[in-house]
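Below: the structure, in structure tokens.
As written, the chain order gives the labels A, B, C and D, with residue 1 at the start of each chain.
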């Protein structure tokens, strides 16, 4: 009874969902890889990106302009957080920084509820991205394909910047040996602030892109955070490559699992995580940097 | 039967051969110095012996028993003690508690949960004996973090001694010490019971000369010399290895 | 300006004795309170004491072997479900039966989760405890005929003793007080024992512990299981008190709340987390009667503690004591 | 451990004062006793979290009723005391206990989620305090027949079973069934299944995704392949928004049916055009043409500047039930049994149309078939297309 079209549909939708997961995990993975800090307010920036995006789409009446503006605004918020809250804790244990981001997540969730209310909101997709297309008989919504493309492009861009540019090598050096990089004349606080702000901007980007699929509401932040944490941990903390492949793995496994083993649907994610960590306590991919 | 014996022990880190076929044996009660330039692999060798790193190949024997790839805790229970190049203490605890914890390790009471530790008087007696050995009896109530650097080195040794080792690995026991502190440490080490086998990594040739008659020289992970101090000093390969830091050897 | 905390040789002993006195004083006050207090406040204190036992169990783990678990709700909720299932499905609300079942179940769960998670350290340990606890949560949510699923397990009565004594809210308060005090003194005894010192050593410098011959994983597992068992007892009391167990009692936000209690109260002490439970209760449940923004206030208070008082309330009390001591003593 | 740097002593003091202040504030509310004049009505609803809007709607409508009565019932002033339940049964139980013990309320009303209702039924039953369920639909809430429990919303059965019969009458005899995999979802599914099978329909397939599923593509693919003429679904809150949106995204042609909650006033703004054409049943429709509804809508809009929802109607009826009963006892709330008896005999004038309570205190009421349409003014809302009269819960 399992047709080729069905398999292909599950595969394509699984990949699209996987790349959505990659979008939401990338910023978390990047910040951890570079700064050794698990940013527990990552989901909050994701959610705020969605809320601001919905507001801006209404005001600017352009999906793409709103996307750009949202990312910039949330990045600015990230900068404030980095300078005012995280920087003073650089010389404390990483646990303190993690705890701080958790407190921040509580504040941001309640703040979002205060500002935007509790009602679930949704972001309208531009006309060109609505509907669905058939690929060899498999039905995939157009917007999912856009998310898929965004995920692939982002992954490629991140890989290129980190592996092939001077900026990337400075960042990698800063992670590997803070003192030496500072001695070479590079400004470590600026690099770290840059990485944090970029990670937060990625969260906002993901929040905006996901808003048409997931909706936006207070509570989404922690739901997404858990998901992102699981991906990053399975992939190997701090490994962007790991986050990429694991996102795809989870997307596709969920897609097929929900279709053919519906009874296990609620367990799939946690079972994958438990299994991986038992077999490879350090995650599937070793961290590349540091 | 040798107290400690290594046979063709190898360890690679990626492309780098950190330890390359090292073999030697140390007799019970013998005091041996392990020297070599920075990066020669001395600490790696200690880590291989003490079980912190598993060797890729080769055999480590302790008192004739094969202990290759034993975990550190198992090695400790087999009678191997070690100190660390950088102090590895229980910083928030007092000197007394630091040593007592090591004494307790072989006292067989560590799963006792319902009586206060002070009820176990033999732990206290043994702790005080070790404190005397490392001359810290007067500082028993001080937190480790508040000791002077030299005293912390003494405590580092005290913790290792308190486990009652038959073989003791000392990783630069006098590193960073003043001349006076170094003198005290050497005196302390000389007073150690004769049955304890010592393997010492040391840069200071005065210390080496005072403590050991036999010297092992490690360079690029290979053992390039093994013999009495005077003999090793004349060894061409050793001189070449120490070129640049050679004065240290010649001055001694 | 005061200089940074340096608990010295002399000052170090005093807060300990002061802490014990404070605990005894608090126990005394709690013991006589029901004769003056309102029914409502008796209920509030019962609830806080149950949460205090839970916070205590996590505080023990975080303060001594320094294991930071984000899955502790699994044991609390596991104990609550075990007690609830015995009381409702088997209709046996005998205190010993429910308590023992909760204890046994939480212990087994802790052995299982501990064996699996203690292979990892640091942030990985935190994450795998979270993942395994979430598996327990999913089971609680899905296994409807046993657990009641999302509706929860309703109708759990106060416990009784072999048919000759039934607890009411008044006597249940004393039962909770007894167990809270018991848990505190039990763990206090443990932290002062040889075993407790091993845990402290592991928390301080695990590498050295191994180098002097301790197989640290076994000790960590023992501590983890002990902590889980205590949390399970707290969960059983929670089930009896609320009359309901629901999946939220196993879900990760409860684990996070316990973590906040420990940090706010002060890790590294046993009194601290219990005080933290009280403070967090007032910030969360207490304040929610007056403002909808209680979560925000809790987040802000938590951040203040992380920033300025990492030692928590216990740390503040200790340094105030030391200042007082410095002024009068020497 | 400890605090580095400057200003530490100051912060210590601030923290200590703050903590003590909070402890005092937390205790302050205690100790007030219920003696004296006002009728104290405890309201347990979500005011934070995803269902906060429902809580607002119910509370507003309750306040509207009492304001129209001059905030006085049978000569006694009325006090509404609210507590937040979130969507969490533990918090709900705590909230109810606070209201009963600290605030000593005479009557309790509220409960949006069924789990909260079950927990609260358990503790109100111990004290025989009248409890008016203002939203939760769990069948057993009234089927267990607790004397003190009343419901002014509907049972799950009432908003699922009738649609089964109705669809077969309409000639739709093949349905794909899909609901979130949790208690309410199972109740709705089995209610519908029962009605549909009894009427002779065939269920061609079922999927039951877990709560909080973010991606429904696998399930939607299954539905698409089954190619049924119709799909009956139950989801709530954010799940409802996602399911309906993704349903359209995948271009599924089958007509979507369900209980009213999948496209209610709370989710419609987010679902937007994706919801157009969905047909649901519920015990209320905003366009009902009866004088009570017109009057209620006008008053509610004037007071709160927004359209009333089914939740607001339930809030109104909850307040009505309590208010009219207290009038009937001449303001006596001490005699609980008398109050409960008075509540049993209250006659409703509900915006939803005819309504009376059955012996389990669950409403016997009309169920309306509605369709989501784009109205002339451009807004998207439910429009009544049919009525199923006098639906009564079977009681077991």
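Just so we're on the same page, contacts are C-beta pairs under 8 Å (C-beta built on N, C-alpha and C of every residue); 3 or more make two chains touch, one makes a residue touch a chain.
What you see is a predicted model; the values in this text were computed from it and never measured.
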item	value
Length of the shortest touching-chain route, chain A through to chain B	2
Chain D reached from chain C - shortest hop count over touching chains	1
Chain pair that, of all pairs, has the most C-beta pairs in contact	C-D
Farthest chain relative to chain B (centres taken as mean CA coordinates)	D
Rounded Å distance between chain A and chain D, as computed from the means of their C-alpha atoms	35
Geometric centre distance via CA averages, chain D-chain B, whole Å	72
Centroid distance [mean C-alpha coordinates] between chain C and chain B, Å	42
Chain A and chain C, separation of their C-alpha mean positions in angstrom	33
Contacts with 2+ other chains: residues of chain A	110, 266
Residues of chain D whose C-beta touches two or more other chains	48, 181
Contacts with 2+ other chains: residues of chain B	none
All pairs of touching chains, each written as two labels joined by a dash	A-C, A-D, B-C, C-D
Complex contacts: residues of chain A adjacent to chain C	38, 85, 88-89, 92, 94-96, 98-100, 102-107, 109-111, 114, 222, 226, 229-230, 233, 237, 266-267, 270-271, 273-274, 277-278, 281-283
Footprint of chain C on chain B - complex, ascending	50, 52, 71-74, 76-77, 81-82, 84, 88-93, 97, 100-102, 104-107, 109-117, 120, 123, 141-143, 146, 159-160, 162-163
List of chain C residues in touch with chain D within their complex	1-2, 4-6, 38-41, 43-44, 47, 141-142, 144, 148-152, 154-155, 242-244, 246, 248-249, 268, 278-279, 281-283, 285-290, 292, 295, 301, 304-305, 308-311, 313, 315-316, 319-320, 323
Residues of chain D that touch chain A when the two form their complex	48-53, 181, 207-210, 212-215, 217-219, 221-222, 224-225, 237-238, 241-242, 245-246, 249-251, 266-267, 269-272
Contacting residues of chain C [partner chain A, same complex]	68, 116, 119-120, 123-124, 127-128, 130-132, 134-135, 138, 141-142, 252-253, 256, 263, 293, 295-296, 298-300, 302-303, 306-307, 310
